[in-house]
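Data first, discussion second: the structure below is written as structure tokens.
Naming follows writing order (A, B, C, D, E and F), and every chain is counted from residue 1.
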Amino acid sequence: MFSVTVRDHIMIAHSFRGEVFGPAQRLHGATFVVDATFRRAELDADNIVVDIGRAAQQLNAVLAQLNYRNLDDEAAFTGINTSTEMLARTIADRIAERVHAGDLGEGARGLAGIMVTLHESHIAWASYERPL
Amino acid sequence: MFSVTVRDHIMIAHSFRGEVFGPAQRLHGATFVVDATFRRAELDADNIVVDIGRAAQQLNAVLAQLNYRNLDDEAAFTGINTSTEMLARTIADRIAERVHAGDLGEGARGLAGIMVTLHESHIAWASYERPL
Amino acid sequence: MFSVTVRDHIMIAHSFRGEVFGPAQRLHGATFVVDATFRRAELDADNIVVDIGRAAQQLNAVLAQLNYRNLDDEAAFTGINTSTEMLARTIADRIAERVHAGDLGEGARGLAGIMVTLHESHIAWASYERPL
Amino acid sequence: MFSVTVRDHIMIAHSFRGEVFGPAQRLHGATFVVDATFRRAELDADNIVVDIGRAAQQLNAVLAQLNYRNLDDEAAFTGINTSTEMLARTIADRIAERVHAGDLGEGARGLAGIMVTLHESHIAWASYERPL
Amino acid sequence: MFSVTVRDHIMIAHSFRGEVFGPAQRLHGATFVVDATFRRAELDADNIVVDIGRAAQQLNAVLAQLNYRNLDDEAAFTGINTSTEMLARTIADRIAERVHAGDLGEGARGLAGIMVTLHESHIAWASYERPL
Amino acid sequence: MFSVTVRDHIMIAHSFRGEVFGPAQRLHGATFVVDATFRRAELDADNIVVDIGRAAQQLNAVLAQLNYRNLDDEAAFTGINTSTEMLARTIADRIAERVHAGDLGEGARGLAGIMVTLHESHIAWASYERPL
């Protein structure tokens, strides 16, 4: 199995609901360094997993919808705790839609799966992995 | 599949028995930067894998039993090579006991598995992965 | 010249005023990984620059005043752009006060200077350096 | 499942054929920081996955065949795009041959699989994973 | 003293002349992860060292002149060993020209100095520092 | 001013004397990731600060005298707290002797200074800087 990963980041504000979150129930924020991993069993005719330029562009486009925002004000997240693990799934699902729509090129239709990891600090990160 | 990882570290002394270890048969030491990864198929009611605060506390509690010690003098390791990979299993097993004992909260009972990685330097690390 | 550095982090929300900030004029947030460096010309009687445990505690105490907050609501920052470089100075100055108050121990009175670096992402960071 | 990883690097020149590569069709180069991961279900009699010294030596030997070279001039790669993901497979396969030849020691015959990751920059990397 | 740093990278081919370079006399290549640090004594009216967006753009523009190229073929480097330290100076000098030309904004005229660091691998890097 | 840095590491055991060290008074250990930085005002005839191969070899040779040892048993450190900052000076001084003895080549006699940084974990490091 092959994989290719590209890295980008977002800077967002949000707050959490639930005692389990302690002081993170207050409005605060995070830089998420985001790694998007694309997997496939065999390389394509160009000997690659995916056009890495397009992969980086599409990751950037997905992140632009979240970047420099207060997630508490986003319609997509009304009443939802935007935890690091939940945002990993949101980003993975939005990239998956773009793969299926052909935004990463025809070759990307051969991708087997995707994993998204969000690093919230030097001591904590979360991932979500799914098939394509 | 979701995962959340927290990082901490220990600083220990130890020595190895066996020619394969070369100069590491002498009493020496290591900083192990320890990553504990918690996996589960679905998020809980708070939209998280595990209470990250409690996960960090329990990892720290497990590491406190090893930290600032000469592992050659620890009863748990008598006659055992405390290799990086073996310590990864020890730490994973001890965290697993705490998950089963409810120390990471009731929600943590839904965890599917755990992986522990010990970084012994910038050029070497070892992992152990197990179900819960 | 000797130095010792300890690392911690904060997660905050804020916004900027001024066209130069572009989309960062919106309410967003950041994880700042914070490095506090303590410098001195000669080591003390224990052969150290500073009690590293106390240095880490005091850095944590200074950061706790900022952590999990919306800096736009903090009285200390009314009408002020809480840029990464400006926050580096704020944190350095607050640590300096604690050094002068004896919070890092009597030995810390021999410190020559301090530098604080805030990493806002994997591709950007800012520092402030001052004498003590 | 246990794993041990060792890190080394190479510095090579190459070019790509195909419009998908854009400016990378020109002769350019890369530093690849290479991580070789060895997996096995159970530890051997010495409580290790593999002799880490021999693993590092064999990785270095495999990389020496590529290091400080223009891959466009290497017979092994004639007419082949030496993409990061393809080089990950080449290195993994060459290490696998050495495992099978006994170059990593008799104990290494118990290895279950290998993964090789090549980091081409701080924002992109690729992997290949295979059984042994 | 304040500083702000932005990171980018280039992927180039080159070779060296001189016995001291050993196998690096062959045509090979490198990824250089490039950090550009801007220093000034006092912050400007916006509370910043430099417009970080413009700083990143100008660093990228300077690097674009080198990226995906064989430096042995560049007129600027005819008969010159393009060592990591020498390239750090080249990049610093080209950024300095842009600062003086106003490309980083009027505020950037208050900058005191610049440092450029090129990381050639996980175990080696070089820097050049100059006043502005 | 130019600089070149090379990285290596050691794994040692030791203990400290003095209440300030708390649990680190027990025999424990550390991995020190060691960065040696060489500075000079102008490049030499080969366009370099120092022969990086020789610099790495000499750093390795200096570290070999400490590696895989219990520093409490070393004659050089009898009655001395082998703190991270003190070891940084020891390593810097030993490299300096080798520079003066010509072990880094004749060109290295033009070096202006050296800095050694020891990373003891992902959250703490210490440096010592001196002229040559």
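Simple rule for what comes next: a residue touches a chain if its C-beta (ideal position, glycine included) is under 8 Å from a C-beta of that chain, and two chains touch if they have at least 3 such contacts.
Keep in mind it's a predicted model, so treat the numbers as computed, not measured.
K.L.:
At the place where copies subunit C and subunit E touch, is the share of residue numbers found on both sides over half (same) or under half (different)?
P.N.:
different
K.L.:
So which one's got more C-beta contacts, E-F or B-F?
P.N.:
If we tally the C-beta pairs in contact for E-F and B-F, the bigger total goes to B-F.
K.L.:
Hey, what angle do you get rotating subunit A onto subunit C on C-alpha, to the nearest 5 degrees?
P.N.:
It is a rotation of 180 degrees, to the nearest 5.
K.L.:
From the C-alpha centre of subunit D to that of subunit E, how far is it in Å?
P.N.:
Distance between chain centres, rounded to whole Å: 30 Å.
K.L.:
Provide the C-alpha centroid distance between subunit C and subunit D, rounded to the nearest whole angstrom.
P.N.:
One centre to the other, that is 41 Å.
K.L.:
Where in subunit A do residues touch at least two different other chains?
P.N.:
If we look for residues of subunit A contacting two or more partner chains, we find 7, 122-123.
K.L.:
Which residues of subunit A touch subunit B in their complex?
P.N.:
Subunit A residues touching subunit B: 16, 18, 20-22, 80-86, 88-89, 122-130.
K.L.:
Contact residues on subunit D for subunit E in the complex?
P.N.:
Interface residues on subunit D, with respect to subunit E: 7, 9, 11-14, 23-24, 26-33, 67-70, 120-123.
K.L.:
Any idea which subunit A residues touch subunit D in the complex?
P.N.:
1-8, 43, 46-49, 51-53, 56, 105
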